[in-house]
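Please find the structures below.
Okay, so chain A shows up in both of these, paired with chain B first and chain C after.
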Partner chain A sequence: MIAHRMTALLSWTYLLILFGFILLPVAVLVLFSFQDGTLPIPPFNGFTFRWYAEVFADDKLMAALRNSLTVAICSSLIACLLGFFAAYGLSRYRLPGSALQRILLMAPMTVSYLIIALGLLVVFNWIGIRLSLWTVGVGHVIINLPLCFAIIYASMGDHQKNTERAARDLGANGFQVMFLITAPMLLPSILAAFFLSLTFSWDEFIISFLLSRFDVTLPVEIWSLLRSGLNPKTNAIGSLVFLLSVALLIMLEMFVFRRRSKP
Partner chain B sequence: MTADVSLQKLCKTFDKFRALKEISLEIDAGEFIVLLGPSGCGKSTLLSIIGGFLDATSGKVLVDGKDMTSVPPASRPTTTMFQDYALFPHMTLRDNVGFGLRMRGMGRKDRALKADQFLDMVGMMSSAARKPHELSGGQRQRVALARALAVGPDILLLDEPLGALDMKLRREMQDELKAIQREVGTTFIHVTHDQEEAMAIADRIVVMNGGVIEDCGPPSDIYMRPRSLFSANFMGEVNFIPASVTGEEGQLIVVDTEFGAFSLSTSCFTAGTPSPGQALTLCLRPEQLRPTADKRTSNLLCRAEVVDGVFFGTHFRCHLQPLNASSDTFVAHMSQSSTVSPGDSVDILFDTADIIALPSQKQEQTHAH
Partner chain C sequence: MSSDKLEKSDVRRAWFYVAPALLWTMAFFIVPFAFMAAMSFASLVRRKIVYTWDLANYLEFFDKPYLLKGLFVSLEITLAVTLISVVLAYPLAWIIAERVPKRLQRAVLILAILPFWTSYVVRSYSWLLLLSSNGVINNALMGAGIISEPLQLASTTSATIIGFVHFFVMLLTLTIYSNLVQLSPNYKRAATDLGANTFQTFWHVILPLTLPGIMVGAFLTFVLCIGDYITPQILGGNNELVLPQIIMLQLGRRADLPAAASMSIILMLVVTAVYLLCLRWLKMERT
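Up next is the complex of A and B:
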């Protein structure tokens, strides 16, 4: 009995320490974004929304936030669409070297973002494309496509195959089958892929840093803020970034995982 | 809304496995055909070829006289009802049934109207706005039927549609399928491995085994006058008695068995007149063996000991071991009121006209399955 209690106590302690380890830095970040003072370090002097007000008044930060959202949404949409096409093609048709094609599609996952960014930088320079949010978007599509492909491909099974057959039998052509039957049936995994891409793109720094020039995304803007020293304002914008990521996670949970648990 | 089908020497080979071997069959417009056979006999392959989901290695499918070989499933006058129903999970029943009409360019209002009509026909009208996951197996099956019929196909292909239903529901749905088929007049080609289901619904049963058609005819013919040992065995319990042809006696053919010689009329030989000396297998159904003499069962087969008897409601099913013979036990259905008990000796009587005599050489092949 006592041993049992000890085990329970130990595992709870372990859990608390684990979550503390993961979440404490974030908690500190959020706490000191409300710091009534100019330094985001202990002691905590008192609450103020001043830094948040400054963030919202900062045009550069707001522009970066809009840029980040635009890039994240557009690149995730494209990555999902391309990932869906690839998954559909590879699971429904006998293609030459399909195993190799699968490996090639997943390959960017194994390469560091820095290498991908450098490679793209070289290529863009070489063909004379100027750096902009578009090039950042291309980079994000490249890193998110393998993820989207893997998630969607894993959820394509034989059950849907029969349903697609039924649709074709009733007169649907290839595109109608794909968009009226397959995509809606796979909606949970497509949404999961989309929201995950969105969070990855939203947080991504290296590619955004190397492939952008005048218009930058939020992580890049935060980085240049940091260069001028610690400031509760960076905590405030960091908290906002965190808040949005959490919101995305909750949406993922609500739209995707809750749907899946239904019969 | 209905058409005849002609299958001409269809062959299908998967790598080295010959799934279909020169299948030829004529199906009339409006007929309810059942393709019956064990799993792996090629019946589903045949259905897929008619539906256009598989290409035949050689041979032709004609529908209403037109060659369907290079016509894709969507353009064929066929629709298929799949074993797992394959309903569209994200659409309401009305949208499911209306899907085929939508693909044919019918407007939203018209197709909703027509979908409702077909849902009404299968008794699912009240659930039109529901989604498939809210339904039971039997209900999904009805919706799948409505969806397949809504586009007005000439031929409906049914791929073991009742396979997933429990026994009682299955019997109910059989009657309903039959009634709906009569109502719409569409040619139904139905695949199953359940011989009772086949007898309950078919105008004509096609018995398949190992990629060939073993037998083909109305249910009563297939059961009473099978043309192959496989068919006789597959359609229900049967007693086999080895025999050989010894001679002729006017119009009758004399066969010799362990239990003595019998003279059989030529109509007993459903697979053709045998040659002298040929090895035969005589088939007798359990209900054709009787312990007491009546107007019909006048010939004595042998005397036998009752091994066991089980009451089945409509009859007593008994195992009988022939005395003074090496033969296996016979299965006989005795009347409900019979008072046999294990250890009793009874005479086994039968009518020579009930016998079906078939060539023996196919028997090994039959047992292999």
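Up next is the complex of A and C:
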């Protein structure tokens, strides 16, 4: 009994220590974003929203935020669309070399982002394409396409086939079947793929850093803020990103996972 | 049905669906990769890239101690991070799966990975707030009278490791937890019935059963950690550069694309070697 109590006590202590380790940096980040002073370090001088006001007044940061959202949404849409088409084609038809095609589609997942970025950099340099948000978007589609394909392909089971066949027997053509029958049935996994690639693209740094020039995404802009050292403004933009991501997480939980848990 | 009988029009239609994704992957992944591989055999002559098709970059990498050292520093940090993260995350995942009441588990787990949702760059920065010479930890220690001079915590290899461990403990807790709850409770019941105590059950039954899952998580940690540039750059200082930092240096200061390409290939080969090792080890484990 006493031994049991001891392990219980030990367990809870360990849990608390690890939670402290995990949550402390974020707690400090958010707390000192309200710092009434120029340094985000102790002592805490009092609450102010000044740094948040500065963030919203910073044109470069706001432009980067818009760029990030645009790139994330567009590249995720393209990755989802391409992934859905490929998953549909590979699961509904038997093509020669389909195993090889699956491997090819998954291949970008096996190498690091740095290598993907370098390869694209070499090619864009060689052709003479100027670096811009477009080149960043192309890179983001490459990292998200395997993910979208895998998620949607995995959920394309045989149980939807009967419904598709019924629709075809009733006179629907290929596109009608795909958009009116298959896509709505797979909506939860398509949404999951979309939101997941949205978060990956939103937070991606190295590809955005190497493949952009004048217009940059938010992580790259934050990166250049870091050169000024510790700064409550960096805390403020960091906290805002955190808030946005958590909002996205809640949306994902509400729209995707809840729907999926219902039969 | 098309899968039973393959008609010509069906094949054409199937290609129509699959081709866009395949073409995109070919154009923006396979071709660039081939270009980069070719670039690694080129050289920089008077700031111009010349395709010499020799191993000069690779030979230089193994010839120059400061370049080779980057690989060793990378391996050292990555191994330390992987080991520490697994050792810290496993008990946490176990406690959440076994000790925390079922209805609270999801909430506790979400709390345990909450910082996952800050931006990656910002997460490393927030460790800077804690570790810098006038940061929270030094402040607390000096306030408590434990030290009189601030400790050098930031800009060290330890800081890099702490920053990494913070990230990967969250990742591994998630993967190990999902492994633990997937285990049938019958294993535990059987072990208890056969007279094993909690520790024996864990050591001889639960741990071996979750080992493949741990290996997958550890491998993921290894791959993500060894390829990362951000955390060492923000937290590590300039004393011990890791390979991705050295690669970025080639790009930045010297615009030496061939050197950067060859080092990236080396990095990729190291990851592949580790993957093959893991694969073999996992297979031996199963038989």
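In this section, the second predicted complex is superposed on the first by the 243 of 263 C-alpha atoms of A that agree within 3 Å, B and C clash if a C-alpha of one lies under 4 Å from a C-alpha of the other, contacts with A are read in each partner's own complex, and residues count from 1 in each chain.
The rule we apply is simple: a contact is a pair of C-beta atoms (placed from the backbone, for glycine too) under 8 Å apart; a residue touches a chain by one contact, two chains touch by 3 or more.
Bear in mind that the values here come from a model prediction, so they are computed numbers and not experimental data.
In the overlay built on the shared chain, the residue A:86 is in contact with chain C alone; chain B does not reach it. For chain A, the partner that touches more of its residues is C, with chain B and chain C as the two candidates. Judged by the touch definition given at the top, the superposed model places A:159 against chain B, while chain C stays out of reach. Contacts of A:215 after superposition: neither chain B nor chain C is touched. Applying the stated contact rule after C-alpha superposition, one finds that A:171 touches chain B and leaves chain C untouched.
By the touch criterion stated above, A:138 is placed in contact with chain C alone, chain B being left untouched.
In the superposition on chain A, A:181 contacts chain B only, with no contact to chain C. When the shared chain is aligned, no partner comes close enough to touch A:54: not chain B, not chain C. When the two structures are aligned on the shared chain, A:113 is found in touch with chain C, with no touch to chain B. Counting contacts by the rule stated earlier, residues 165 of chain A appear in both its interface with chain B and its interface with chain C.
Note for the complex: chain C touches chain A at residues 1-3, 6, 10-11, 13-18, 20-22, 24-26, 28-33, 35-36, 39, 88, 91-92, 95-96, 99-100, 111-115, 117-123, 125-130, 132, 134-136, 139-140, 166, 169-170, 198, 223, 227, 229-230, 234, 244, 247, 251, 257, 260-261, 264, 267-268, 271.
Taken together, the chain A residues at the contact with chain B in this complex read 159, 162-163, 165-173, 176, 181, 184-185, 187, 262-263.
Touching chain C in their complex are the following residues of chain A: 7-8, 11-12, 14-15, 18-19, 21-26, 28-29, 32, 39-43, 82-83, 85-86, 88-90, 92-95, 101, 104-105, 107-108, 111-116, 118-123, 125-126, 138-139, 141-142, 145, 149, 161, 165, 174, 203, 205-206, 210, 218-219, 222-223, 226, 230, 234-235, 237-238, 241-242, 245-246, 249. Listed in rising order, the residues of chain B touching chain A in the complex are 51, 53, 72-75, 78-80, 82, 84, 86-90, 99-100, 103-104, 133, 147-148, 151.
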